[in-house]
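Each in structure tokens, the structures are laid out below.
In what follows, chain A forms one complex with chain B and a second complex with chain C.
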Partner chain A sequence: MKTLKMMAMAIAFMGLTAQAATNKEIINHISYKVILATYNDLATEAANLSTAVSALAANPTTETLTAAQNQWRVTRIPWESSEAFLFGPVDSLGIDPMLDTWPLNKLDLDAVLSGNRAISTDFVRNLPVTLQGFHTIEYLLFGEGKTSNNKPVSSLTAKQLEYAKATAALLAEYTANLANAWSKNHDPEDPTTPGYVKIISQPGVNNQIYSSERAVMEEFIQGMIGIADEVANGKMSDPMGGDIASANMALVESPFAWNSLNDFSFNVRSIYSIYTGNYRDAKGPGVKALVEKVDAELASRVEADILNCIQLIQAIRPAKGGDFGQAIFTHDGRARTQKAIDALNALRETLESEVLPTLDM
Partner chain B sequence: MKACFFILAVNLVLSGAAHAAPVNMDYVHAVKTGGDTTVFFKGESAQAFRNPAANLTEEEIELHLKGDALFESNFSDDTSRSEYGLGPVYNNTNCAACHAKDGRGQLPVVPFGKEWVQLKQNESIFLRISIEDGLNHPKNAATNWGAPIPVPGFSDQLFHLGSMGARTDFPGAGQAQVWMKNEKSAFTYPDGEVVQLRKPVFKITGAYDEYFDSVTGQMRSRLYEKDVKTSPRMGTLMIGLGLLEAIKESDILALAARDLSDEGVYGKVNWVLDIKKLMSNDPYPVSMGRFGLKNNTPSVFHQSLGALRGDIGVTNYAFPQESIAGTPLFEQFKKNTNYPGKLETADEVGDGLVFYSQTLAIPSRRNVTEAEVIRGAGLFAQVNCTTCHQPSFVTGPHEIKAFSNQKIYPYTDMLLHDMGDGLADGRQDFDANGRQWKTRPLWGIGHTQTVNPRAGFLHDGRARTIEEAILWHGGEAEHSKGKFVNLPKADRTALIQFIRSL
Partner chain C sequence: MKKLILVFALLNFQHLAYAQTPAVPVNSETSTKLNAPVEDQKDEDQKEQTELKLVTTAKSSSEFPKLEFKSYGYMVFGQRETFKTVQNLKPIIRREMDLAEIAFEGEYLLNENSKIEFEVEIEHGGVGTTIEFDPFEEFGEFESEIEKGGEVVLPEFYYKKTFTKTHTALKVGKFPVFIALGSVLTKPSRTASIIASDVEGRMIPVGWTEMGVQLEQKYNAFTLRGAAISGLNSEFFRTYSWVGGGYQRHFETSNADDIATLISLEWGDVVKGSGIAIGRYQGNTTGNRYKVDKMTEDAVVTLDSAMATYKYERVGFAGELIYGDLSNSDIVSQRNATLGGLAKPKGFAPLGHKAVLESVQLSYDAFEDFTVYVKAEHVDTFADVQGTINKNQRYDVSKRSAGFVWFFDTAAFLKFQFLRENTELLGLPETSQANFAFGFDLDRFN
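Up next is the complex of A and B:
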């Protein structure tokens, strides 16, 4: 309770400081202190994951497996925290599917693992996207995920370790490319192109991608809308299905590590970062500063709604253990899931019908 | 103010475009590019192409959203999964991979220090293939109504990816490996300004039937023979397709009948196989081509379900046979796996994808009151871009009511034109010869790189900017390009600013 009160005070304080911010200041802050900072964190943590998985492969013990599992979870945080801004190089360099395609194709993975071929990063690079990225590593590190997310180290085969190591190295390479595209050179074929952070933070008539500050602000708001919709109506609704009989574990994201609810929470956290401008120890201004100029009540209501969504998502966690993938097979878990879905849809609706129009007020 | 615009428009007709094909100049100020389907607010972001048409009914929006999920979902080769059907050979695992955020694709990155790159996962380009025997075939059942002739042992499309059971010698590969490099050149304007151009060039290795020929000392495959024609195809915009379908055939025929010989322009219709007519036992299943880069399909139905079977390998009720049925690769695949051999997707999945593809909205035009944009709009007619990029139509009836009787501004005449040597692929596609391409609709073009910053223009994505795309125009467009390149720099810029406003 005390924490909540302190958070509310902090929010109120930030609201005051953000109020006077111009669109230019908001854009500059979000571009550098939220988006670029998140991608830099992602590259750093993915490199750490590659190191941890290599250490596991070299010396498979319970300790090295736990360290790799923990680092997988840590690396998920900046990635899931980037989903409110899935635009720019993550699309144009085709990086998103390489990192985060799900569901995993276990059938094909088993076929590769049972073959005699040596596994290298270049070998994995040429395999389907459903055999690369976070969820392939997750499956290898955590196991099936249906009744447990605690794979014994003894069950890891040499081939699985080889594959996990190659895939983690590739993940680190892709995230480094992504951070580089945002910070230094957004088209790797053309060394004269600036980092995407410059493209988005310097809109104007001669900017081929964003002709105005309004366009960039719209991009930020559309990004928030997009991920609110995706979490509610894709990531949660699709696996939940119409009833318990049609619930589908195979459609759950991060089912092996039981990390789905954390994934969803950090997705909403990315909405919070764009909205407030707060990411780790960086403080606003964010989109809220724009809304405040028009409607202070709306500005704080949206912030409260975002935080409420995170709480409702975390509340889905089954009391007896497990994660989202287990909750959707129980009546009360489904009821809690529906509450979170409804809150996210309401947030999306508010962003669409009330926040977006403030751009033109 | 309105009166001023009107006078300006009239002046443009009288002065600039005096000898051009007659064109309704109301496009200069038109904002509702897609008529009542136009979306106004959600325009200028990476989500610009992702909205349903504004005038759909609630029930239709529900259908659209269902299709949206299907468009993005990954098909799998795992028979136990509901999304089963991928492969055995394919170019991508989902629709959105070639049409990222419903926009255009991009060429693979060629990293510094590398010349050739291999087409891997998630590329938005593939090669069409066929053989040409130099004969003029009649359009009948024996010639598949004039369709390109598949390469024996392959198909009419080269699938560079494959399921695990497809190529035991190279997991993940399909019929062959495809490589790309960029050829660079420079264009110099009469005023001395230089623009760098690039063009992708492709080579094929590792074909599944490849063998070493000790006589020639080279690797051989049916695919490497001289009569095999290849043509790269880049994923295009998904917006406004239902509206293009609703343009009256008579209006397109009237455009084809224009005498534009003084401009060197001869627009032509492509008459192509219509799978819907074939399914209903029509004795002559041929229709006007409207979709595909050479107008080689007649409807969104044919185009979408053809791509579902072709690009992703998912058989459906319109295309029930695998693309590579009857080839040795497929026979081998069947031996290696438990291929179920039945239709791989439910009819409603196919219908959902078709409906979604028909109903994506056109964003409204931007910056229409800016003086430079208005000036550029006039120049667009003055240099005769409007001859082929015909600005407007009024649509006829369509099964989706939202698309009927709409005044739309797609900026295309829906016809094939000879585009010159620079763009020629040398490959016949129904009535389209190796130099002819369909006039691309320009609506939405200004948002293309907001949606995908590396999106490339033209059939193979070679042009990185609208200016590069203009400079590649040749053949029937030579007359217009000549006028464009001789404009003062400020006018060229204004013209491009107008195109960016679309």
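Up next is the complex of A and C:
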């Protein structure tokens, strides 16, 4: 009987391994169907944002402002969903800070807006990155964000509209460059280089960046660990401060649009995409398929943990309205935030101590 | 035995520090002369003549080369106001301690007319490295870790040949760039304030020395200098320090495709508090970039300066004026903005086309060895801009300070400085800073 059981288990195991995706398939799927697809979505939505802001600048009405605001939120989704893979061109070409530096430097922005220089994309391009990107556009479209995220269209000055238009156009340019670097040419200074997607999906001894499939898989897992750590111990923990008295609204990401909790959720969603290989309509295989080969229970547990983190982040939202920036100034909001931080840190710990070592098993 | 002698010599550091140290015993007459304070050293000529005289006297009982050795150093205790973030402009106070600098200066006198001068500086406590074995790396790996910040640098190392008949001197090696007070008044006893200028670091390299060749010609009280020196690299120009970051110290070698020229005319002796000097530094920086094809346009740095130090009875004056010009500053900004890796400037790529620096310090010897001073400085690295660069008022900075220096021992001092800083950026509050510096300068024994 015992022998029969063992044989049955062995057959089941062989069946599993026969069906399990190879590392090559995992890498190929994540590279093309998750990462490249995300960057293509980002470029498309950023172009739509530029169009929406141009429409607002040409005809500032409540409708065009709402459309631009909505498009800003939509464009945030693929960007925040990419933060588990902030490697490759987004880092080497220095695109990350140009898109998403925060906090916004309002003092310098006010100085620029009160100046008499003509605003153009080149003018904004040469400003510090704290005056460019998503959060500059956010501030101009949504207002202060302390007590409300509804900016009346009448308060938008001509200079602000000019600035928002130029910044949105620049954002579209940067994201298009990023998508191009992944799909066609990862080093703009050398037109003969292929897209980064080809580099990462074809590891080997002749590949100068990824000499093995293991190196790519480690890049994926380290990316997940990195963003889990950043959301827990940077994006959420730093604005919380040690107590309510030291909570700091100025450190909150996306405070003007009250989009912080969505940002954090999509950051964790990016972990989910790499882990499962699921992005929009595309379904696996992801890193989970690798983990399953070693420990099926661990593979399922990690997926559940990721989804739980997203739920805990969304649960921070104050019942009476507002977002993360308001929640950290209430005792119960801080308690909910701490719960999410703890869960994220536990997830990071699992990724570090249990998922990462599966690469060597 | 040699080792024992060396240990003994090091234990007698203080004696070594300010006395010429013969390799073999000298007679008592020579020894007395060597240790006696040298008075009335009004200019470099006189000093050299004195040195030569001493060397000549010593020669009767010893051989060249000879070593002269001095030292200075100081530590700073301070507090300053700063801000939590760019959106939180309520100043907060931070306190700091810094073993700012210890310098060892030496001169090898090779013969009557030539010598090698060098200076070793240990800044901010030096650096520390360690090696550890990391078993989790693929095959087990030894890693070298930087444990703390700081530097050990060799800012000066040059050979100097003096042609006494023609009053000409030749320097080959690494020597101070004679263009700013901060580069020449490096010794604490030369300036009442803690450092010569608190704003130079926002515009040009701090304590600027470069490799090259310099010819000096004296005529009465005038000294004319002409030098060809290593140029700057515009890849490292940054908003907050203008061309200062272009000082090529990042790699073991300096790119020398673009050589800079330096010309200055000095009357009297600026270093010793009795001179006026004007100077011009000019050099292209494009050729010294590492990424050779990224920028092809010239990026020429031109600095025109005037500096003066003068002491009349109890009243002292030190001041400088520097005008800077960076050609194609907008193109440099654009090219730098897309640099990758460690060279990536992030938000600090924009550069001004013209920069200006003004500094004035007045001092008064209230008592013997106790001097009070006031200082006013201004620097604007966006005095003018090119193309689509924004004129950033945050970098139009004024500093006003007051303080004292008290040499409570022959060569040991206490300095105090209270400083207020404000910028032209509307809404940015004025901040203050207070510093105590405690240190020594063995140059005071001369």
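As a convention for this text, the second predicted complex is superposed on the first by the 342 of 361 C-alpha atoms of A that agree within 3 Å, B and C clash if a C-alpha of one lies under 4 Å from a C-alpha of the other, contacts with A are read in each partner's own complex, and residues count from 1 in each chain.
Going forward, a contact is a pair of C-beta atoms (placed from the backbone, for glycine too) under 8 Å apart; a residue touches a chain by one contact, two chains touch by 3 or more.
Everything quoted here is computed from the prediction, not taken from an experiment.
Asker: Please determine, from the superposition on chain A, whether chain B and chain C clash or fit.
Answerer: Aligned through their shared chain, the two binders clash on chain A.
Asker: Just chain B (first), just chain C (second), both, or neither: which does A:P128 touch?
Answerer: In the superposed model, A:P128 contacts both chain B and chain C.
Asker: Have a look at where A:A84 lands relative to chain B and chain C in the superposition and call it first, second, both or neither.
Answerer: neither
Asker: Of chain B and chain C, which one touches more of chain A's residues?
Answerer: Of chain B and chain C, the partner in contact with more residues of chain A is B.
Asker: Touch check for A:I328: first (chain B), second (chain C), both, or neither?
Answerer: After superposition on chain A, A:I328 lies in contact with neither partner.
Asker: So, does A:Q222 touch the first partner chain B, the second partner chain C, both, or neither?
Answerer: So A:Q222 only meets chain B here.
Asker: Contact-wise, after the overlay, does A:L107 reach chain B, chain C, both or neither (first, second, both, neither)?
Answerer: In the superposed model, A:L107 contacts both chain B and chain C.
Asker: Quick one: is A:I26 in contact with chain B, with chain C, with both, or with neither? Answer first, second, both or neither.
Answerer: A:I26 sits against neither chain B nor chain C.
Asker: Between chain B (first) and chain C (second), which, if any, makes contact with A:G115: first, second, both or neither?
Answerer: A:G115 contacts both chain B and chain C.
Asker: Using the superposition described at the top, list the residues of chain A that contact chain B and also contact chain C.
Answerer: 91-94, 97, 101, 103, 105-108, 111-112, 115, 117, 125-130, 189, 248, 250
Asker: Hey, which residues of chain A end up touching chain B in the complex?
Answerer: 86-89, 91-94, 97-98, 101, 103, 105-108, 111-112, 115, 117, 125-132, 186-191, 196, 199, 205, 208-212, 214-215, 218-219, 222-223, 225-226, 233-234, 238, 248, 250, 356-357
Asker: Quick check on the complex: what are the chain C residues that touch chain A?
Answerer: Residues 84-89, 239, 291, 293-294, 330, 333-334, 337-341, 344, 346-350, 387-394, 425-428 of chain C touch chain A in their complex.
Asker: Which chain B residues qualify as touching chain A in the complex?
Answerer: Going by the criterion above, the answer is residues 41-47, 65, 69, 74, 76-78, 80-82, 93, 97, 100-101, 106, 109-112, 118, 120-123, 161, 163-165, 171-173, 182, 366-367, 449-455, 464-465, 497, 500.
Asker: For chain A, which residues count as touching chain C in their complex?
Answerer: Within the complex, chain A touches chain C at residues 91-94, 97, 101, 103-108, 110-112, 114-115, 117, 120, 122-123, 125-130, 189, 248, 250-251.
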